[in-house]
Amino acid sequence: MATGSFFKRIIGDFVRPSRAAGRPGRKAREAMALCESLISERGEVSGTSLAREVLSECQQLPDAAWAPFFDLLATGFSPAPEEVRGAAEAWLGAATAENLARLQEAVESPRQELFRRLNMAPGGTAALIAMRQRVLAGIRTNAHWKSVDADLAHLLGSWFNRGFLTLQRIDWRTPAIVLEKLIAHEAVHQIRGWDDLRRRLESDRRCFAFFHPVLPDEPLIFIEVALTKGMSATVRPLLDPAAQVDDPGRADTATFYSITNCQEGLRGISFGNLLIKQVAEEIGRQLPRVQRYATLSPIPGFRAWLAEARPRIERLPDGAALLALLGRLDASGWHRDAKDSDALRSLLLSLCSRYLVETGSDGEPADAVARFHLRNGARIERLNWLADDSDQGIQRSAGLMVNYVYDLEQVEKNHEAYVKDGQVAASHELRALYRACPLSRSAAKV
Amino acid sequence: MATGSFFKRIIGDFVRPSRAAGRPGRKAREAMALCESLISERGEVSGTSLAREVLSECQQLPDAAWAPFFDLLATGFSPAPEEVRGAAEAWLGAATAENLARLQEAVESPRQELFRRLNMAPGGTAALIAMRQRVLAGIRTNAHWKSVDADLAHLLGSWFNRGFLTLQRIDWRTPAIVLEKLIAHEAVHQIRGWDDLRRRLESDRRCFAFFHPVLPDEPLIFIEVALTKGMSATVRPLLDPAAQVDDPGRADTATFYSITNCQEGLRGISFGNLLIKQVAEEIGRQLPRVQRYATLSPIPGFRAWLAEARPRIERLPDGAALLALLGRLDASGWHRDAKDSDALRSLLLSLCSRYLVETGSDGEPADAVARFHLRNGARIERLNWLADDSDQGIQRSAGLMVNYVYDLEQVEKNHEAYVKDGQVAASHELRALYRACPLSRSAAKV
Amino acid sequence: MATGSFFKRIIGDFVRPSRAAGRPGRKAREAMALCESLISERGEVSGTSLAREVLSECQQLPDAAWAPFFDLLATGFSPAPEEVRGAAEAWLGAATAENLARLQEAVESPRQELFRRLNMAPGGTAALIAMRQRVLAGIRTNAHWKSVDADLAHLLGSWFNRGFLTLQRIDWRTPAIVLEKLIAHEAVHQIRGWDDLRRRLESDRRCFAFFHPVLPDEPLIFIEVALTKGMSATVRPLLDPAAQVDDPGRADTATFYSITNCQEGLRGISFGNLLIKQVAEEIGRQLPRVQRYATLSPIPGFRAWLAEARPRIERLPDGAALLALLGRLDASGWHRDAKDSDALRSLLLSLCSRYLVETGSDGEPADAVARFHLRNGARIERLNWLADDSDQGIQRSAGLMVNYVYDLEQVEKNHEAYVKDGQVAASHELRALYRACPLSRSAAKV
Amino acid sequence: MATGSFFKRIIGDFVRPSRAAGRPGRKAREAMALCESLISERGEVSGTSLAREVLSECQQLPDAAWAPFFDLLATGFSPAPEEVRGAAEAWLGAATAENLARLQEAVESPRQELFRRLNMAPGGTAALIAMRQRVLAGIRTNAHWKSVDADLAHLLGSWFNRGFLTLQRIDWRTPAIVLEKLIAHEAVHQIRGWDDLRRRLESDRRCFAFFHPVLPDEPLIFIEVALTKGMSATVRPLLDPAAQVDDPGRADTATFYSITNCQEGLRGISFGNLLIKQVAEEIGRQLPRVQRYATLSPIPGFRAWLAEARPRIERLPDGAALLALLGRLDASGWHRDAKDSDALRSLLLSLCSRYLVETGSDGEPADAVARFHLRNGARIERLNWLADDSDQGIQRSAGLMVNYVYDLEQVEKNHEAYVKDGQVAASHELRALYRACPLSRSAAKV
């Protein structure tokens, strides 16, 4: 890291003038001046007191001051071009270990050192996560903030290494300050207040979360599991606050029905994969009768894909008839009409199997949830008809849900086959559906 | 990070052939093959299981296998030269943010990703610290390990950021597994067993340590403090296991008499500065009557400096007489002979003040302990005659010890003056001694 | 304790025949047989296994079996009359220490030993508390259960000695399993769900509870405190979930607005007195600016007393006018009619002061809450007009509430004067109101 | 409890005048006056402040003041004779439940209420335990303290009910303040410092203790266990600090080699029985391969019994020869002389089996340790020759030790047979030895 000369570069020439003006701009520049101080000599000896001061200043920035602050951060705390140039040329001249070390040092952003020093203040880690959340919120329209994001992501990724996280069971003995975050963050199946939450923490359920020691009140990611006999085929009984509590000792399956990231500022720093596997191991230890680990997952993009697939379907010999059948989906409440839904059932199941299994030009299926689980080495196990008859469920996936199975013996093999060769792991049932799909009649590839 | 092509580079051409041969070499290569696997695709999905396996393999390496292992690590997991070259040339062609990001990625060692993945296994952090300890132990004769050390130091420095450490008081309620590490590591004033330790943890003493949450049984650094009336002038009463326990409520001074790093594998990752200041704040909160924070420190290099200063002394007008006086130090037990010691006293005090205060060409005094405290912003306060009459104390510093004072209001100012202008903070008393020093008659600079 | 001969006495002659019959009776007798076994030799050596068995049996008793079970317990486990007789006669013959010891042993119920052994099982203490709750619920109609209650109360009183309780702060970090008990038990000012509770645990509030180590999820009693500027005069702002959170550092008064016992089975084992004083001390330590500890208390019996006082009022010279004025209370919503309430105000305040201060034949005022606080050494400080305009508040006390002040320097003195001489501690303001009361014109006694 | 009139009785007529005189006597009376105050009205309302004061006063009593203090306690806080008389006569007149309750109340010592109130102060429980320790130390020469002891024992027995104790594993993570108490108290096999202790806490050992929540730093009783293959036959390998650490996973036996009470003030309040059984259960849960729970126990009274048995042996036909053989025990070091020890072996084993198995007029064997384990339901399993060759071992039991086996299925049965019928549970091997004993030739009774 080279801190020597970045002071001169603080007010770069591409900081939007309008932003740097006025009170917010002044506030941003004041905060930035403290930041400079923090990575100077003075910062080194001040212990944590200067870091506290900077943090406090940042936390009081008015909303309008953050954009100019990030502008300054993106410009001012970058590596010094002249040093990068010197080091790059030296290495190109002679690719020695010393020259490599010099180059590594020259290209590291002073921002990283700034963030490391900010982290020394109490609350520093949480503040940096919040800062990244703000950066991410504005990065679309401020492409030049990418370097700020990259530096934050690099550090946070290193600090939130799995080795530093603890897996904790969440139950009714957990502090309310943690539980309320589950209520706030649960994205897949909304938690409707404390009674709903309590049911999800009863003895026939399990909930686990990763925590970092420095953020004991903040679950990073949590997973909700139902202990069931057989794989759950519909989500409603799992979510019913009034459902009877079953004996967990008689369950043979752990159904993972929701996994939720709580920290937007840690986006892209992946824990989900690790969490699923570790929870599976943990449950296996505690409940040896549980033999199967399966998800009950949404298929968020199915209906959208279906809409796009219309031309392809139309081109089939019986295309017109198929489209007519699919047209019934437009009628509100079609799924409550037994005749309609029966007629649609086999067509939708086979089309959906194709949606999940068919890989695109990037070698992966279109569905984001499928990609996540397939990357983790899971297998597509079973499609479930009318598994989620909520408005959203009907809207997004015609009420279909899917079970992915985590067979811990197979996940590595599945993962490699998927990543290297684009092979999608799917059960016999799924493959049969896929082969039966009208769109597959020409060429099947599973 | 670029992992794509490093496999081919594993067996580089400067790995000592002798090392790579035989059983240790084979063991090293086997471990290395697992390491490669860990940073490949497979490592990404295996959760922590592969990391555990690699760790276990490493921990079973025979002693002789570590050198070839580090050789392989130094060669094989370096950035790919062709990618560095491409990225460097691109950046030199156009110094855009994108090209900088590409260059940053190209120069990062795959080793860092390897270490991050190793860290995911239980015990991973401890293993990496131990690994660095081995690297440091052999680095003198294996200069090419520097890159391995640099990568470990970079990661450990980031992970052991102050923000992640907890300050804990050590007392008689602390688990034995922690206390025995104090006994093992105390380097300044050896702890002679559990009774000695217990005395150092009585109510008129304080002991604090930094811990990392992932290593709850391992103090990283600890400091021993005596609560006293006035600054301690001699060390013996502080170390006497049979000394009477005083009322801590009546103390006005906290005398820091020992600070010890416990983790050789964290060498160079500095906590000492932060520990002293935070302990001072903590004591100030608990015991508002304590007004002064001072060390009672050794002067390890004084006699060696004195030997080197002989020619300079000889050149003084009364040089011969002074050397004759200093010659008395050669007689064993001189310090127990009142006449001798009185005669030497003022001469040694003044010479020692010069030793501590005089800065060399690097702008700092020669004494390592002095440099540490002056960098931290402390002030040299008082020299203490016959403060440490142990054999070692007589040998190294003619029995002298020194108090450094931490005035929390002044430390930043002192530090800046020291670092920027080479100004050494010293009390009036010290300055007077310095001026009285025969060597200072020509030019004084304090 | 004499266990030798109680077996013969199990089926005493006054067990209601109807109860001992049928299935519940059989269940009760089976449980009782296990109880006998538990206090026999076998119980002594079985460790806790037999105690677990008995407990499990008891916990499965059908509701109808409890009455016969208590009947058997009341009869069967009483001291053996012949032994009491022998010991009593011996002591009357010679009042020696030995004979006293023999008498003490003879009169102790075997029930106590039974309960002590039951307590050894996991969950035993909770089960005994629950058992006493059942006893108390039926004791009115089963006077012969008094001995069972007395033995349970004696043991629980000893076990829940203040020395074994811990005072714990309740806040939003408290486990949900504890918090839900606050919601369930709060009797004074109902907690309407989790949002209401959260407001009561914000930084300008304090909530403390006593816990016993063996029941970590069960608050025994809790107290709710608002940190305020000045003594609170109305309860509504304290209970408003949307009220702004004030800075606790600026408060000068701790207003205790609710104190609630959670364990019906510990009725009569008093903690309230101790809790108020210890919480006052605790708050004083944490917030030195808080100088006053006051309650904001209901006056539950005022309107009932007022109704009874009608004849006395009628007899006054202006009795008819006064009664006419009081008649306005019968109109619903009188308190929202400014004219009405103003007219009533001084009359009600003075009558209420009389209600609180006037002692009856038992040397205490009629109001139960007043008696509690006066016994604890508090002082009646201030009456608050329209302090509780809830339906219940209007109904019971015409909307009046009262502040009792705990002056820790005075509580012992106040208590003694109250208990020994029936002196009620009251502020000048209260005394003035009392003297102004129409009923006091004849004879005042404060 | 009747507190009304005890004040008058404080200075009873049998307090030794000499004790009540002088400074210690005055101190004792002052403390006693505070005690009276504590159980008066004032004590009821003072919260814990008065209890603290009394406790502090008691803890500052000079040694010489305790005897007069206990004298006063024994006299002054006894039940009021007139009330006991009235209640006794009433009950004799009519043995109603009310009269029984009155009698129970009348005979309870005010001392118990005093102790309960003292217990409310912080440190109260510990102080009462220490007080009982003093009472027990002087009770032989002060028989009138028995009532004080009885009241303390009654309360402590109730408070230290198993239901309130926690079983905790002791290992090297345990706080030093607890570990040093093990070193201090271990009575069976002295712990020679911290290194010795550490070996006893390694992974092939287990150590457990009971704790009461109010005394977290004070183990009440602890047990040391070695995990072994087969029952240990000699104690030396178990005590060797340098012994190799074995794999606990391969052990089939838990050998309990030491059980130690730490609190003299809790004498007679038995935990040992419960501790052994609970530790056996705990080990069984953690290490399912462990199938046998056995002690390796001393036989403290064997040699003394042997000396007393001389006349009986002499009367046997070959009595003279036997005595001559036994005479070899008088030679120092006989056990290191192979010839001697071989000759003695079978004789001593058979005599010792008789010593352990033979019951006296009280229906129990003479050996105190045997009585303890037999009462607990253990079985005498095996005698071990030269199992303890320490001086003490040779002195007390001619080097013999014995294994008692706890078969959890059998302990209740064994216990009942032992307590009711005086039947001693012994292995076939023991019975064979017993039958072979020269003293058994006439009549065997096992």
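Going in written order, the chains are labelled A, B, C and D, and every chain counts its residues from 1.
To be clear about the criterion, a residue touches a chain if its C-beta (ideal position, glycine included) is under 8 Å from a C-beta of that chain, and two chains touch if they have at least 3 such contacts.
Computed from a predicted model, the values in this text were never measured in an experiment.
In this assembly, the chain whose C-alpha centre lies farthest from chain C is B. Measuring from the averaged C-alpha position of chain B to that of chain D gives a distance of 52 Å.
Between the Cα centres of chain B and chain C there is a gap of 61 Å. Distance from the chain C centre to the chain D centre is 41 Å, each centre being the mean of its Cα atoms.
In chain D, no residue touches two or more other chains.
Every pair of chains meeting the touch criterion is listed here: A-B, A-C, B-D, C-D. Contact residues of chain D toward chain B in the complex are 172-177, 179, 193-194, 198, 217.
Chain C contributes residues 41-42, 44-48, 78-79, 81, 84-85, 88-89, 91-92, 95, 97, 100-101, 103-104, 107-109, 116, 119-122, 124-125, 144, 146-147, 150, 155, 158-159, 161-164, 213-214, 273-274, 277-278, 375-377, 411-412, 415-416, 419-420 to its touches with chain D in the complex.
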